[in-house]
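In the two complexes below, chain A is the common chain; its partner is chain B in one and chain C in the other.
On to the complex of A and B.
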């Protein structure tokens, strides 16, 4: 028997067309990842039963699991294609696009809602300018280490895909954006605008829509303590709600 | 007549492009920002180790002038010195700017930014954020750009690919054409200046440490329009990459900076498990040959030594790999300082580098050469600027570790000002009638030809063939005969390009057509790189010819400039500005003496 990899890929020509499954059989190489198989299909776009087809469309860039682009659903689990080592997963490998984002084509989806959420939660530090104003505030090493982990979020969308609260009937912003609020609120200068971010997640679709299913933290490829972030923000928003009420 | 209401376009959303964008928006001007991907996914995320700046918080007597000397020396004196000096002087302020943006730089006990040592220097000069500094810096700029987006000063065109500049009859840039990667719509965008921030050319070598989008296609498109391409032959091969089927993944120089040791078994073809090979039977060849710098010799030297050790049969198991060993360092220290890169190794190879020495081999990593620019980052075509890895200006014949992020920011800061100045003074005049439409038509015609073309060739296979030839003959070791053969091969591939079939019937969001366009551009640029190498009969920095093993300042202390012609690249040379540091031999077996 030839040493090959069998794949079952969900194909969809465009956002408004229906999906279909196509099967492929490509050469196997030791240590390869799933994306290598998709590259093989590009070189020879023919299905397992010999029918010519179009090359599969997918999104990828760094191939090192740091850009977040190649997120897809592989054998039922949302993850990056670049770290899906063929030798470690069951065949035929079933590959589908994420379901919580509109499909663009084949495995490519439109995640722009995630970037829009970053605008909504004020995910930046309000610096006075990029000119030389000397160093920033001193930061304790343990604060830095906490923030660094939060800051490795690559907007990949795994946490949204796995979250039961993300669905067509809900406005929930999702764990990734909430985590950004904590990231910036824990920085000494970021904390100066803490309230703006807290208010943003106390709206509809904000933190109170989290159903505490805790799926997000299980699928996060960067092991970001997303549920800790959400819990910390629960406390913050509760205090903020109370405090701003007293202020009135 | 000056333009009050100017519009600048930035092409590329990595560090250099975003920094340029911010600087222009800060002056209150509008920016159109084009990117192949959401800018937060740009290749800058891959930079692991850090960013250099002689802040001297370790009391080592470091200073921007020492940094300047290290950079010029590391680059084997091929860089024009004034911009390098300006960059090194600006570096501490650049690190502080990122600090104020909230980048989680690793900290000392006192809460100050921590610095680590990198290759080619004796000082702790590299600020770092865990082991994904590039990602963290990119995110900081992405966030600031998003602020300007909310304010309405920045308009993002993500999923758009640059196709060409729109040039008027005087070869002055008046805009660009770009293609929407979803609809394949081609559109012309009038612009008073365009800034190229399109990164390296890794894809020309097939597999490299670069991201998928680093094709060099945009540079090559401009090259065909008369923009000069400089020092193309200088390609950095990173000594420590993890070989892979789809790409070569970087193992950051910080692994050596934090004490990683490179070795091979003394006995050729030794098949024992590395942990059972006693100390006395290991050959730490870098430490032995370069006692002053040891494992921290610059990249070109480490690369050649590793390559040679394998060529001589000392590679692990007789193959093309050596050990990079961190197992003598406590796992807790490794996790804190190198966590993310060790995870990469674990994820992609399956071994735990805390307990098993890593297996690595050199891989194409960085493009020192690039678009020719003046000290204001402007190309020979007025109105076209270039910043970051796609420009040639800072790194000479070899880049020092942790200088790339710095050079991106420096170039962005300089260009933010220069592009606005140019745009303000450029005037629009009456000469623009029909200019944009004509260029648009030309670009649409290229697409139509590719769509309708039928033939036996597959663009991805041609691409693989180009990559293999370029990697085999135009990276670590170069022989003139092989370079000539490579150029002949490239010409053959260019001919075969006319026989490709993109195998696509649906043009919505297809990658086949953009890829074919990129491939053609890459082939032309590959010739400029290969022939530039053929013409340079010396060894300097990353460019090494066994038949010409010495640096030859008399004949080759000059910048290579490739200019496009239909018959092939034409070469000319330009003197290097060595006004501040006199060239001296570059040696890393003894301590570098400052000039």
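On to the complex of A and C.
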């Protein structure tokens, strides 16, 4: 048998059509990643049993696990296609789109809900205008260190895909947005709107919908300490919930 | 900014709290009373005497009705019903993501559902004596016969097995729930703390299971 890679890909032509499985066999290259296989299918869109088909649609940009665009479910686990090295995973490689987001086509999903969540939790620092505001406040090195890791989130969606609390029956916003709340609340300028963010994550779909299954921290490709972030916010929101109303 | 604490948040926090206070504390008290069935060699008292006395003492507590309704039944029903709502909102995936914590997440919900059925049965069976075909006397109303009523039921192997499952589910749900509570209320924050607290809760679970089962066995010796 020639040196090939076997793939089983879940295909879907559009948001409202039903899904089907197709198998492919593409030439093997040493050290290649999964996206190379998808490119081979693009060049020659024929299934393993010789039937012509449409090329598989997927998204990707950086090819170095920084943009998050090529996130998909590979052999049952969510990860980025670019760092899924073919020589290191079992064949046939089962490739599916993420299940927690609406499918646009094939492996391409619409992750808008994550950006909506960022808006909901006020995941930015307000500025007063476009004029020169002068230097920002100084940030202690250990705070910089903590925040740096939190800031590497690429909104890839792995943490939502692996979370049992994210599904059509729940409104949970997921670990990524919660982590951003901690990122901005720990910045001296961001802290000015701390309460706005805390109240946002105390609402429906917020932090109390977390079930502590802690899958997020296991699957996050950026190794962000998501459960630490969530636990830190648990402390803040509990405190806020217990005592803030006494200030009324 | 006007201060607003969302209703959702309060309901969830109450669910977490009721699991420990009063329900967790009540569980400890319950196991303490049950363990009286072991008897005391040094005081030269049998399990029958000690247990029946303890049941009688509880029944003669001042404001017992008030304590039972507001301290146990109301929080229990709230915790149970809201727990089912929470269970409905989850979609377990431990098959694909078989991490330890993810399994605990699943088992917490499975034991929760088991407990919903078991505690309903248990309360009707002993507190009220209302399960058709089984015991017809309320333990609370007959403290002098309490031991015998329980013994009568436990001599039936099926019932005993149901109670073993119920006890183990309870202790797991409580021990893991304690871990969850400490995280949810922002007490165990760091990863290392969460891990160590997790082990401690594991020990609590194992010890309580042993105490619970041992007390149950004391009724059929």
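Just so it is clear, the second predicted complex is superposed on the first by the 247 of 248 C-alpha atoms of A that agree within 3 Å, B and C clash if a C-alpha of one lies under 4 Å from a C-alpha of the other, contacts with A are read in each partner's own complex, and residues count from 1 in each chain.
As a working rule, a contact is a pair of C-beta atoms (placed from the backbone, for glycine too) under 8 Å apart; a residue touches a chain by one contact, two chains touch by 3 or more.
If you're wondering where the values come from, they're calculated on a predicted model, not measured in any experiment.
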Which partner, chain B or chain C, touches the larger number of chain A residues?
B
Where does A:164 make contact in the superposed view: on chain B (first), on chain C (second), on both, or on neither?
second
Applying the document's definition of touch, where does A:32 land relative to chain B and chain C: first, second, both, or neither?
first
Chain A residues where the chain B and chain C footprints coincide none
Chain A - residues contacting chain B, complex
13-14, 29, 31-33, 35-36, 39, 42-45, 52, 54-55, 57, 59-69, 82-83, 85, 88, 104-105, 108, 111-112, 115, 118-119, 123-127, 129-130, 132-136, 138-141, 144-145, 147-148, 151-152, 154-155, 184, 187, 189-190
Can you list the residues on chain C that touch chain A in the complex?
1, 3-6, 8-10, 12-13, 86, 88-94, 96-97, 99, 101-102, 104-106, 180, 183-191, 194
Any idea which chain A residues touch chain C in the complex?
76-77, 162, 164-167, 169-170, 172, 195-196, 199, 202-204, 206, 208-209, 211-215, 218-219, 225, 227-228, 231-232, 234-241, 244-245, 247-248
In the complex, the residues of chain B that touch chain A are 19, 22-23, 26, 37-38, 40-43, 45-46, 93, 96-97, 99-102, 104-113, 129-130, 132, 135-136, 139, 143-144, 146-147, 149-150, 182, 211-213, 244-247, 249-250, 336, 340, 344, 347-350, 413, 458, 460-461, 464, 503-506, 508-512
